[in-house]
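Below: the structure, in structure tokens.
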Amino acid sequence: MTATMREIEFRDAVREAMSEEMRRDMRVMLIGEEVAQYNGAYKVSRGMLDEFGPRRVIDTPISESGFAGMAIGAAMLGLRPIVEFMSWSFSLVAADPILNNAPKMLYMSGGQYGCPVVFRGNDGAGGQLGSTHSWAVEGLFSNVPGLKMAIPSNPADAKGLMKTAIRDDDPVFFLESERLLSLKGDVPEGEHLIPFGQARVARVGRDCTLVSFGRPVHFCLEAADALAREGIDCEVLDMRTIRPLDAGAIVRSVRRTGACVVVDQSWSFGSPGSEVAALVHRECFDDLDNHVHRVHSADVPAPYSYDLEQEYLPNTRRVCEAVRACLYRA
Amino acid sequence: MPVQITMPRLSDTMQSGTIVRWNVKEGDSVSSGTVVADVETDKATMEMPVYDDGVISKIMVAAGQQVPVGTPIAIIAVDGDDGSSTASNAVPAQGNASPAAPAATASPAAQQPPRPTVAPSAPAAPAERVRVSPLARRMAEELGVSLDAVRGTGPSGRIVKQDILAAAHQQPAPPAPAVLDTRAQPAQTALAIGTALGAGSSEVVVSGMRQAIARRLVESKSTIPHYQVSMRVNMDPLLELRTMLNAQLEPQGVKLSVNDFIVRACALAMAAHPFFNASWAGDRIILHGDVNVGVAVSLPAERGGGLVVAVLPHANRKGLRDISTETRALAEKARTRGLGPEDMAGATFTISNLGMFGVDNFTAIINPPNSAILACGAAVEQPVVRNHQLVVGHEMQATLSLDHRVIDGAMAAEFLQTVKHNLENPATLLV
Amino acid sequence: MASAPQASVDVKSVGATEVSPPPPRPNVPRPEVPFDTARGWLREMMLIREFELRCMQAYQDKKIGGFCHVYIGQEAVAVGCIAAVEKRDPIVTAYRDHGHALARGMDPRHCMAEMFGRVTGCAKGKGGSMHMFDRANNLFGGHGIVGAQIPLGVGLAFGTKYEDEVISGGKSSRVTLAFLGDGALNQGSVHEAMNLAGLFDLPVIIICENNGYSMGTHIVRGTTMGHDISSKAGAYGMEGIAIDGMDVLETYWAMRDVVDRVRSTSRPVFVDMRCYRYKGHSMSDPRKYRTREEEEAHERDDPIGRLRAHLEGRGLTEDDFKGIQREVRATVRAAVEWSDQSPVPPMSDLYRDVYLERWGPYTGSSAPEMLGGGENETSFKAIRPVDGEGELL
């Protein structure tokens, strides 16, 4: 497919996806705080009120629990709401509807009522927003069966995954990043859909497989460049979705390289990183030269001060250190 | 040279014995005939003598313990040896004849680290656990590197990939691992040759690749239940066609060999006989889709010598011309640059043709993880019966060696029938 | 907003110890409900009563596990409210949901089988007592978390209005009934939902089945303005009215007014539905928080008794009544037997209905790791390493 590519920002890609889907399907609407008249707290929904009107781009009061539940009720009826959390940190007050209702509705009703809702928002630390505003919720929510979770790292994937998420009949948690919203990248025009459960090989390499999700993919690519100058050739996998997880891509790669480092911005205990490590040990036990090394955000609440926060993140330097350790080149 | 004493079979029904009492202790001198212990068998308590002169350097099983027949129980340091060698280096002294075996890697020092004859100060048994990463263990086996020869640089002395690579870097590249994981064989410990070298004999260094080939052949013969089925094929139509085609193709530089036709005949037959393009996988049989035919290519001595299997991938999708061109290219490459792992991996069926050496017929060893191999002899001009008449014609003997787990006799016969039909109606191979 | 006529409330007496008396029957002339219709409601209430009694028995026989909250005493609420709406109007309720399910038309066999954990249950045995879902009858559950169903109800109203107006370009014509208990009124999500309903003009009727008790806590101990909860509606710009939920005819007519009003104005309404549950909160409740005298006093006001008396005044005979009794008993007994004989879900159902589309609308290149264990154990044996160009190594 030779689609026209243009360079746009991550936020534009998300908006484009939402707008295209809303034009295509009247059942889709956007609900959230400041999404309409304010044009989006982070300008992701800029211009959408003008195009779709206040019945389809809806400003809500500050009641995440209320409007998340409301969206789920509408979804049970058959509508396809997109719910914006200004930050995924604010989703915690809506934990009951988004975890207890949305992912379980189909199961509890014996297959009668699905929940085709997309919850989206900014996820992860890095903006000196303080610990209550810097959650990486994949560590909490990926645990729950019944939901799907997508975490794009670049504008093209943001568009492709968002379109798929909206068309998906199950609840999707769509994790964006405030730090990536201004990132520019080539994005295809028109119908660009990326299936869930299909990782992207961001960099081909022979010596070590780096498995990552979302913003940390960029730390991995920077680390790979730095390590290449030391003669270490890293392969970087951008998983794109956590549920479903493209386990096959990880297994194929590690069976070839024999070394794996997983880089995950959530805290380490009970995280997608732990899951990948367990998977690799289970499936690639005989292929490994060393155990799976893991780089996570430091196991502390996110600090405010700039240097501390940069050290808190699974930054490029820490990724390099982990790769060298994994390859016995520390 | 230390001598290992094992629990002897003192009666024909004895399975295990208990050392009732040791008559010697470590450090005592013994000579041939000394009764060193009383051993209780299933029938009676018997005396246990030794047959060597020396000093008891180690007693491994205490009195009162019952151990199976063959368990090492003591070591004698024979004539001046300090007796601290590892048990595996010692020749079992009782009852077992040491089969002659190829020498261990006694190559010049530059090639690889010498096999240590003195173990580190750890006792001979139980041996110190060697930490090896799973990848390094596999690579060591594939590259023919003995773990005893490697020093680990990982944590706690773990042997890792770079250690194996460092140990093996001087060796020529071995064949690539099989597509399917064959059951991992423990690294064979070389049997030391107990006999001295006689005058006029010499040793040949065995390269890593040769060792690997040797290992695979042994594994194939010992784990695959081989049986053979033969058929004679009337080669006259094929030879005629070949002559005609080669004449017509000569300006294009194409020269078809008999083997090219055989490759094509077999590849085409696979469609109707998928089990010939299959591999045994324990609890199931994997039927490969594409037919990758392995052809035996002889390597010149300076490339390592011997016969290796080069692969023609997707032979079922290639015509005679492509088969011929590729085979010749592989042979040329083998002669000049040597074959790489990519040239030798992935065969699903193998053909070995000794016809050019005048061989009538022979049986080949299956190339794991294939299920069959076809051994073709020469197309010999001989008296043959055609239409009830005795005439002179060319006949070739084709012998299939088969894995009986995958293919039974009837299937083998049917396959050969198809191949024979293909070869005897060679025009069908053109389309 | 004005509430229904009742004794004036001293708004300074927050935390009063007495609940104000139920509203007097309004002096509004009501047309007579046709005899057969009313008889039908009597049968429905008796069915619910009998069904709930048998649930209690089955629970004690360990055929029903987990939680079981019976509706005995509140039958008139479900029957009267549901009679006042149409089949196309969505309904959502909390965990005391058997009555609503039966009144909405669920076959008692499927309802009982669900509680028995059989595959023939309305949720294939995977929901249980608190999760009565019935898509064909527009019953959206059955929810266990207190108050969580109210945002869902508000969402259903949002959805019907969106479908009717934004998608179809017409006028909102459906009404959603969202039931909750008086205890749920303290849950934050309920207030957020009411705020949204009032803000967005959503056609939802939030019906608080006010039986005076939040498990063991009397309402005046747990809720500010507990003596007059419909006053809370005003805080959200909603109309709030109180209805006597122990009288099915009264309930019906009052709700008809409300439903018609909501259908035409698309403005939400809050209903303080006064009722009483005769049994405990759930099966494990010994009801030590109220007196036997109080219970007996309310039992004298039994909604079934009331309707029966009304119908006898219109010609219902003893035989007829006994006939209804026999019929509902037989129906419920048949439901129990059918449930006893129904199979349990097959083990494979454990992994079914988690996702509508396992891999999303487009399949990926390899089977993704979606659910751990069980039928989703992916075999990786056949995966071979691939180099950068996708070539097999």
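Which chain is which? They are A, B and C, in the order written, and residues in each are numbered from 1.
To be clear about the criterion, a residue touches a chain if its C-beta (ideal position, glycine included) is under 8 Å from a C-beta of that chain, and two chains touch if they have at least 3 such contacts.
Since we're looking at a predicted model, the values are computed, not measured.
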{"item": "Chain separated most widely from chain B, comparing mean CA positions", "value": "C"}
{"item": "Closest chain to global C-alpha mean, per-chain Cα centroids", "value": "A"}
{"item": "Intercentroid distance (Cα basis), chain C paired with chain B, Å", "value": "74"}
{"item": "Between chain A and chain C, centroid-to-centroid distance (C-alpha), Å", "value": "37"}
{"item": "Inter-centroid spacing, chain B versus chain A (mean Cα positions, whole Å)", "value": "51"}
{"item": "Multi-partner residues of chain A (at least 2 other chains)", "value": "none"}
{"item": "Residues of chain B engaged with two or more neighbouring chains", "value": "none"}
{"item": "Multi-chain contact residues (two or more partners), chain C", "value": "384"}
{"item": "Residues on chain A engaged by chain C in the complex (per definition of touch)", "value": "26-27, 29, 55-56, 58, 60-61, 63, 65-79, 96-97, 100-101, 106-114, 116, 145-146, 148, 164, 167-170, 193, 195-198, 201, 204-205, 235, 241, 243-249, 251-253, 255-256, 279, 283"}
{"item": "Partner chain A, residues of chain B touching it in the complex", "value": "133-136, 138, 153-154, 160-162"}
{"item": "Chain A partner contacts - residues on chain C that touch it in the complex", "value": "90, 92, 121-127, 131, 133-135, 140-143, 145, 148, 150-160, 162-163, 165-167, 188-189, 191-193, 195-196, 199-200, 352-371, 378, 380, 383-388, 393"}
{"item": "Contact footprint of chain B on chain A as seen in their complex", "value": "258, 285-290, 328"}
